[in-house]
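These are the structures in question, set out in turn.
Here chain A shows up in two complexes: once beside chain B, once beside chain C.
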Partner chain A sequence: MSRPVLAAVLLSVLAVIGTLLLGRFGAYMMHAVAIAAIGALSLNLLTGFCGQINFAQAGLLGVGAYAAGLAGNAGWDLLALPVAGLAAVATAVLIGLPALRLRGLYFAIATLAAQFILEYLFKFAEPITHGVSGLLIKPMTVFGRPIQADQGYAIVAITLLLATFLVMHWLRRTDLGRSFLVVRENEVVAKGMGINVARTKMLAFMISGFFAGIAGGLIGFTARLAHPESFGMSLSVDYVAMIIVGGLGSMPGAVLGAGFITLLPEAIQRLGEIFHISDQLSALREMTFGLLIILFLIFEGRGLSAIGSRLVSARGWRTRQGGRAEPLELQKIKSSQGGLE
Partner chain B sequence: MKKLIAAALAAGLLGSARAADITVCIWGTITGPDALVNGMSYGPRDYFEFLNQTKGGIAGNKVKLLLLDGRYKLDEELKIYRRCVDQEQAVYVNGWSTGSVKALRDQITQDKVPFMTQSYASEVLDPQKLPYIFMAGPTYEQQMIIALRDLAKSGGKNLVIMHPDNEYGRGPVNVVRQSKVIEGNGLTLQDTIEFPYDAQDLTAQMLRVKAKNPDMVYVQASTPQLLVILRDAAKVGLSAKKFVGNIYNISPAIPEQLGANAEGFRAIQVYSDFGSDIPAMADIKAFEAKGNEIQKRDVYYMKGWFEGQVMAKAIEAAIAKNGGKVPDDIAAFRQSVRNEMEGLKDVDTGGIVPPASYANHQGSTQARMAEIKGGKYVPVGDWIDAR
Partner chain C sequence: MLMFTLQLLVAGIATGSVYALIALGIVLIYKCSGVVNFAQGAFVMLGAYLTYGLVKLGLPAYVALLGAMILMAGCGMASERLVLRPMMKAPLVAVMTVTLGMLILMKAVCLAIWGPDQLAFPRLFPDGAVDVFGIFVTYNYLAAFVLSICLSVGFLAFYQLTPIGLMQRCTADNPRAALAIGIHTSNQISLAWSMSAALAGIGGALLASLNGLSLGLADIGLVAFPVIVLGGLTSLTGALVAGLLLGVLQALTDGLLTPVAEQFLRTYTSIYSAGALQQVVPYALLVVVLLVRPEGIFGQRGTERL
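Entry: the complex of A and B
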């Protein structure tokens, strides 16, 4: 078992133990972080690995929430989550077919348009989504038994986060994973190397969509309501912020970024309460939040993962996880593809 | 600093022991799209604080108060609910948005925690299926029915309804339309006009209304949308007198910003306005005189003060039932408060609303019309019961 895999498994076990010790509120926060981390890993695959900026992440999460809700309400039990993933894959294909002909900023704008279309559909496809009232969702069931406690949801989310991390870790080491990185660096070079760029980008979008759908399904089951206003543009921006703050292209970074963006508002709230300035901080919280992210990007552009790497290195542990530029990985690709020059 | 952050996070995640015998947890939109009406969250906080300062709390026990900012975001509100119920061990929770209460309604029943909702949505009002959820007045549908009865009473016949394309706009209108209550009152619905929630120009819609020439235009919308509606109505020569809004259209911003174009506009008034000549205002003034700042001086603050009154009455009755002591077991305390809440009868609210009873979980189903006259809302007519 490689070191990152071992670390992921150990951290997951600790997280599960933590949920059992922390009480209901703590378990809910763990659960929220785990869901955000699955969504961030999913976006990191598309944006960090494959270089395609996606502003429709909230829409894909929404598709997952509605699909899981409908399947769960129909009594599909554990199948509800894979259904959510597959529904998001289908949506990703629909978005991807026209959008993946575009590059860079144009692709990002196309996903932005898709986000607005999905928001519109959530509101107006009433027979499926229940429109502006939202779809009420029954508790998730496992072999017919409903999960009622937040600790139960947290354990499911942490398990799925571990599975997502391991799949992505494995994927990155496959030919497909390496071709993502080449497409990210230079599409012309990728074509020259015999990589089918359109197919690669579509596969990245589909795999990313699947995990976004799973995360969306978990959101739906926790909230017990899939509501159009919960999957708006600002949520997509939050996910982009997670992978940038964490360190674009870094899987541990995506998880750290998810934790940072999810927990920071709560930390600001609690600090405000300690200093009896929560009313004032409440008004300034959004600004404080934005300001912290800007400062972060100015002083540590490679994200939390770079800070983590430095801390680990300082303690004498060797690591290869880091920011976006990974010359070692590219060296491997070059040699595996017969070289670029 | 690092230690402080760690301490804050640890306190947040690990939970805290009960710091007071009675904890009341309130969340509202302190910042966010609905902040205009957040007086209804400051109101209950101030009422409990008033009890702490003037009567030593409830039955001699200080009330620990939390006012948190849900920011009108579902995920934030769901998180705050868990904090209130689990970490803070609140005996009573007062929560904000319709969406959050809908999402939480089964959990509230499961947690058996008394919950005062700021929403007026009929979907969260069901004393049998949702025995722990209480409301502070008539539902949106009942408010609409009060306006319809007023129209029928004044001899009007034709009606147009306007609402934004969100749940708050569309939901109650659909319920009223399907219930046939419009026809039942001898009225004709000429048109229903839905418009974008964030519309900045509704001139075309106003021309459509003008072409119908209705006796009343009922608006199920918030103040920002009503400002656009009345502005554009004036543009096309429609008088504000034709328009009637719900509880959320009693806002000083309307006469202030629209001036003469708002004259004659009517809205459903469930609570006496801030500054009215009623006994409850004496308490509010006394509270202010002690150096407390009143954050919002409007009808929504009065709603919140009323909520504080009935919540406190139920807590007081539960303590009395336990021999004057706060029950040690929070679950038993919550259950007792819930039972006492349902048993409240003809509570004197100092004139904020008519005497309130909570067997129906609503407190009051009465409202009256208030009209803008000389730049101020003036009650016109008597209280009308929607039942």
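Entry: the complex of A and C
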């Protein structure tokens, strides 16, 4: 096992042990972070690896939540999550077909449109989604046994997060994964290398969509409700913020960013309680959030993961293994074109 | 029925002209600096709130409108200088996201100062209506239309006919060549941002005078994106025409299509309401445009594909 894989497995085991030791609230935070991390890894695959920005992530999560909810309520047991993933893949194909032939900019605007259309459909398709009252979801069942406790969901979410991480870690080293990076860096060069750019982007969007659907399904199962309001534009922006704050293109960064953005409102809540400013809390949260995105992008474009690795290398941990270079990525993300033009 | 349709058309053209004004700003920024500014919606909202704030301070409506425009120009310039300029060499994903960050920040500032509730926007224009062959056009609609069109046309004239407009066009066309002939391109980009924010601010005040003032104006400002795609991304005239088209389309959807659709749905399905159909229609149209004619009405063919 290579070092990142080993680290991921060990951290997951630690997280599971931690969950079992922590109380109910700790377990709740744990699954919230783990689910957000799956969603962030999914977006990172599309935006960080392949350079296509997606504002419909919340819409895809929503599709996953509704699909998992409907399948779960119908008693599909463990199949509910793959069904959620496939439903989101189908949605991604529908969004991608008109948009991915065009330059990246059009894709960004098309996903913006898709986000609003999906939100509308969640509200409007009442026979399926129960409209504005939301779809009630039964607890997730594993081989017929319903999961009731937050600890149970935390363990499921951490396991799936580990699986997602490993799949993407493997994917990045395949031909397809490398062609994502080439498309991001320069579409003309990618074409010259014989890469079918539109097809590569579509595959990235479909794979990204699958994991978004699974994350959405988990959101549905843990919230026990799929509601149009919970999958709005602002959630999409949250996910974009996660991968930016974490460091675009970095998988540990996406997980860190997910943790950061998920826990930030909790931290601000606590601060608000201490300083008695609960009236302005939501404004304060949003302000911090907006400022963080701007400051991170201006001063540390490579995000938390870069800060982390600087700390590590400052202590000489990296130099011992002879300064191994990362394969074809990340180093130049600040100066590169980002694949959007 | 005919009268009703004409009445809808009037409302649509009025809102559409405001959309055009907002979209002009996005196209201007995109042409000049290659940035897709998602904060334009926030400029729209902020302009409306600033006008509201200035009127509350006791200024007369027109002075408040002018004051808000000047403040917005400052805000646009500040955004460019403080946020966009340090990111000049960053990848486009990062630049787009930073404008989103600005959107969130400005929304939060408005939320902190003015609260989450819908506010009664002060009357900018007198009550009453003109009767044009039996169609009632309220002064609000009339003023929104006339002001937007005047500002848009004035801006286009400025862009095409004045020396500064020429420098703007040079910067948009070829920044290096512009630098070589002595144009201070970064000042031109700052200017583009401040003009764009000022246009958006006025647009916001006009929208608020038509539909009321709330944080939702930031989302309404995003309708400018379907407008610019329909118009052809880099065409200022395109933005103008597409803005009017989308305004009319929205009004017709709201007044004519929604009742028909609801009738149909209630008869044949268990769905009771078609919801805010007019809010998604621009986005549905956007998808159709991307499928059928991705370069938009006035765009150059071939620039949009890979």
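The rule we apply is simple: the second predicted complex is superposed on the first by the 304 of 341 C-alpha atoms of A that agree within 3 Å, B and C clash if a C-alpha of one lies under 4 Å from a C-alpha of the other, contacts with A are read in each partner's own complex, and residues count from 1 in each chain.
Convention: a contact is a pair of C-beta atoms (placed from the backbone, for glycine too) under 8 Å apart; a residue touches a chain by one contact, two chains touch by 3 or more.
If you're wondering where the values come from, they're calculated on a predicted model, not measured in any experiment.
In the superposition on chain A, contact is made by A:240 with chain C only, not with chain B. Of the two partner chains, chain C is the only one touched by A:47; chain B is not. After overlaying the two complexes on the shared chain, residue contacts for A:197 are found with chain C alone; chain B is out of touch.
Looking at the shared chain after the overlay, A:23 reaches chain B, while chain C stays out of its contact range.
In the superposition on chain A, A:266 makes contact with chain B only, not with chain C.
By the document's definition of touching, both partners, chain B and chain C, reach A:286. In the superposition on chain A, contact is made by A:274 with chain B only, not with chain C. Applying the stated contact rule after C-alpha superposition, one finds that A:248 touches chain C and leaves chain B untouched.
Set side by side, chain B and chain C differ in how many residues of chain A they touch, and the one touching more is C. Applying the stated contact rule after C-alpha superposition, one finds that A:127 touches chain C and leaves chain B untouched.
Shared contact residues on chain A (touching chain B in one structure, chain C in the other): 123, 282-283, 285-286. Of all the residues in chain B, the ones that touch chain A in their complex are 4-5, 7-9, 11-15, 30-31, 67-69, 74-76, 78-79, 82-83, 85-87, 99, 102-104, 106-107, 110, 123, 165-167, 169-171. Put simply, chain A touches chain C in their complex at residues 47, 51, 53, 97-99, 101-106, 108-110, 112-114, 116-117, 120, 123-127, 187, 191, 197-198, 233, 237, 240-241, 244, 248, 280, 282-287, 289-294, 297-298, 301, 333-341. Contact residues of chain A toward chain B in the complex are 22-26, 28-29, 32, 123, 131-134, 136, 139, 148, 150, 219, 222-225, 227, 229-230, 263, 265-267, 269-271, 273-274, 279, 282-283, 285-286.
Contact residues of chain C toward chain A in the complex are 34, 36, 83, 86-87, 89-94, 96-98, 100-109, 111-112, 116, 219, 222, 225-226, 229, 233, 269-277, 279-280, 283-284, 286-287, 290-291, 294, 304-306.
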